[in-house]
Amino acid sequence: MNADELKTALEAEGAKVTYDQKRKVFDVFVQDPSRIKQVARKMLELGLDHVVSVTGVDYPDRIEVIWHASSYSVDSLEGLVVALRTPISKGPPRQAYDPRTRTYGPARPPLPVDSLTDVWPSALFLEREAHEMFGIEFRGHPDLRPILLSDDFYGKWPLRKDFTYDKSELKVA
Amino acid sequence: MSERVYNIEEAPNIDVSGDRYIMLQIGPSHPGSGHMRIKVWLDGDIVVKVDPDIGFVHRTSEWLSERREFIKAIPIVERIMLPDTIHANLSYITTLERLLGLEAPPRAQYLRTLAAEINRITSHLYGIGIFGIFLGSSTVYMWAFGDREPFIDLMEMLTGARITYSYIIPGGVRWDMPKGFKERAEKVLEYMEKRLKDYDDIWVKNPVVQSRCVNVGVIDKTNAIRLGVVGPNLRASGVYYDTRKHDPYAAYQNVDFEVPTFKNGDAYDRLLIRVEEIKQSMKIIKQVLKDMPEGKIIDEGTYKQLNPVMKKVYDERARVMFPAFYNHMRPQPGEATGRVEAGRGEIFFYLRSDGGKYPYRFRWVTPSFRNLPFFTHVAVGYRLADLPAIYGSVDYFPPEADR
Amino acid sequence: MADGEGLIFLGNLEEVAKKSLEYLKKKEPITKMVSWGVNFSLWPVHLMTSCCGAEFAAAASPRFDLERLGFLPFGGPRQTNLIVVEGTTTWKMARVVRRVYDQMPAPKWVIAMGACAMDGGIFWDSYNIVVARDYLPVDVYVPGCPPRPEALARGVMMLKEKIDRERSNLIPSEQR
């Protein structure tokens, strides 16, 4: 299996596939978030057996979730990192800081998308990180707790572009 | 010697809330845990579940790098991987060069390979030394940290800094090899070869070490692949995979080296593989020193943009001064990925630019973070007394995992 | 007998003993001896807060060998009298550092190692960073990013000088 065969196989699943060899970007775009599990299963079948990174990208109108998968077992795929990408629409924007009540308004709820931990167990901690940083709720994840940050920042989703915080709220002891 | 009591597949399904199991917290104020807290659930003294509580050193490198110019991310990523800085630097620059469409000249590629391999040796010696502490052997800690110093001296000669080099820049490297470097490197390699025999005698083939490490913390090939283990830990389980071979960068396609693999995937194999990789790295350094091509250490396009004073400095001292235009790099909109085999495993970079001064998305995953699922599984079923040997053999560096 | 603060050693034996002890504790040979003893048993607690820990480890290794200055890392906070804040502390870590510091017996000292412990260093504008002086009384700052092991040795020497200068405060007046 080489990159072109992989491309045709994934295009048959209804994904939009682009491959830029120079920048090492193999992009599998799935417009409908409910279909990612199916595409991921196909990718696992084809030999992409582990996840390198799970992350989001915050655009003005949507958040894109990206699973970067790669292979240890199929020789010809080992040089590839395949990005499985899907957009989820964003909730309402966060309110501005209100100095009177010293809050930012209610915490924004996380945005739901299917978890791929049952396809790739290596995504276990990576999805937890993406949940905490971007506020993506991975449905079906066995253990979706914050991992890197303390509870002070939970619900503020730091890596979104509209992240703000108030240092006076934080205390050591 | 210990044997595993619980199975890896069934262990996560055990409900640990009952009276039968007790929870023990190890760290973060503990020489063994480093900057992390390990929650361990025990049935008697048998580990049933491991839950690493990490994030004590989460310095938000991604958040900060998205608020800095592209070039200013170099020191940030270096500080995250302190024993292995050149690989953090190299992986970021490799990705950034793909985004910018630059390519470094051959001499710069060789210098990068040279620096990376010296750094890999210091990183492995660091890991071996810390593993020594875990097993209660201060001798090995003293030896490994002492023997790390000649290599750090070499890097200091090459780059001017002890640990944080910031040596690799888009399009090349900052310094050429100084006079007398080759002779000194050969001397250091000769010394290290002698020392490796001593390590074999007192540490690697020591019956005490063997009895504590053989068949402890076993992870087989299937599970290693399933859990996405990286680096030496993956190769200790018998998977032949090395980014240097499978996704070559720098000058690795031109040098001849082997990727050592072992079969058992226990703590002892994870120790052996580090020693073997030191030997391979020394082999690569020798080849690089021999085959180093002549030429520029920075690409033609960047050289043309240097002002006359900087050009003079470059011609006389083979040193690249940082011109101001580095600060105003605006890559074309788009994305790029890059992977580099660091001492502890594979670093992955994903950069996205929107044509502006700052990266739109700066994502990187470090090897220690990717080894976490593996660590939670590998200790299950062994006795608590085996946990230091298992944790030490993983060569986990918490600041690197937390980023 | 210069200060003459109640120097009448008469009366109840127990009280006299207490009084003379308090008197002797402030006098030269005793304080000198205590300061000498403390100076050569500066035991830092083995708590790594960040990446400067790599240089901290190098400082304890053969080439630099800070043990000859009486600087020997220890596991439990109850046996230590020095805490080295190695670089950046996050909010999560700062709470741990503070708790460890509270567990250490007096007298105790703090070395803030690295630029990040001083003012945040390269991570100064991060939301997750807190500097050492915000939650600990720092005695010695060691600059550098990361400081070389020699710089840490210099910091330890400066701390020794400081201990020697303030030797009269070494023994708490209320002896427990």
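Order of writing sets the labels: A, B and C. Residues in every chain begin at 1.
Methods note: a contact is a pair of C-beta atoms (placed from the backbone, for glycine too) under 8 Å apart; a residue touches a chain by one contact, two chains touch by 3 or more.
Fair warning: this is a prediction, and the values are worked out from it, not measured in the lab.
Student: Out of B-C and A-C, which chain pair has the most contact pairs?
Tutor: More C-beta contacts join the chains of B-C.
Student: Point out which chain occupies the most central position, where each centre is the mean of Cα atoms.
Tutor: B
Student: Please compute the C-alpha centroid of chain A, do the same for chain B, then give the distance between them in whole Å.
Tutor: Inter-chain centre distance comes to 25 Å.
Student: Can you check how far apart chain B and chain C are, centre to centre, with Cα atoms defining each centre and the answer in Å?
Tutor: Here chain B and chain C have centroids separated by 34 Å.
Student: In whole angstrom, how far does the Cα centroid of chain A sit from the Cα centroid of chain C?
Tutor: Spacing between the chain centres: roughly 45 Å.
Student: Residues touching two or more other chains, restricted to chain C: which are they?
Tutor: 90, 92, 127-128, in rising order.
Student: At least two partner chains per residue is the criterion; list those residues in chain A.
Tutor: 149-150, 158, 163
Student: Residue numbers in chain B touching 2 or more other chains?
Tutor: Only 55, 58, 60, 63 qualify.
Student: For chain A, which residues count as touching chain B in their complex?
Tutor: 22-25, 49-53, 55, 57-58, 66, 68, 72-73, 78-79, 81, 83, 120-126, 129, 133, 142, 146-150, 158-159, 163
Student: Considering the complex alone, what residue numbers of chain C touch chain A?
Tutor: Touching chain A from chain C are residues 90-92, 94-95, 98, 127-128, 130, 134-135.
Student: Over in the complex, which chain A residues touch chain C? Could you list them?
Tutor: 149-150, 152-153, 158, 163, 165, 167, 170, 172-173
Student: Once bound in the complex, which stretches of chain B touch chain A?
Tutor: Residue list for chain B touching chain A: 12, 54-55, 58, 60, 62-63, 66, 98-99, 101, 225-228, 234, 239, 241, 246-247, 334-339, 346, 348, 350, 352, 360-361, 363, 365, 369-370, 372-373, 402-403.
Student: Quick one: in the complex, what on chain B touches chain C?
Tutor: For this pair, the touching residues of chain B are 28-31, 34-35, 55-60, 63-64, 67, 75-76, 79-80, 82-83, 126, 129-130, 141-142, 145-146, 148-149, 162-164, 398-399.
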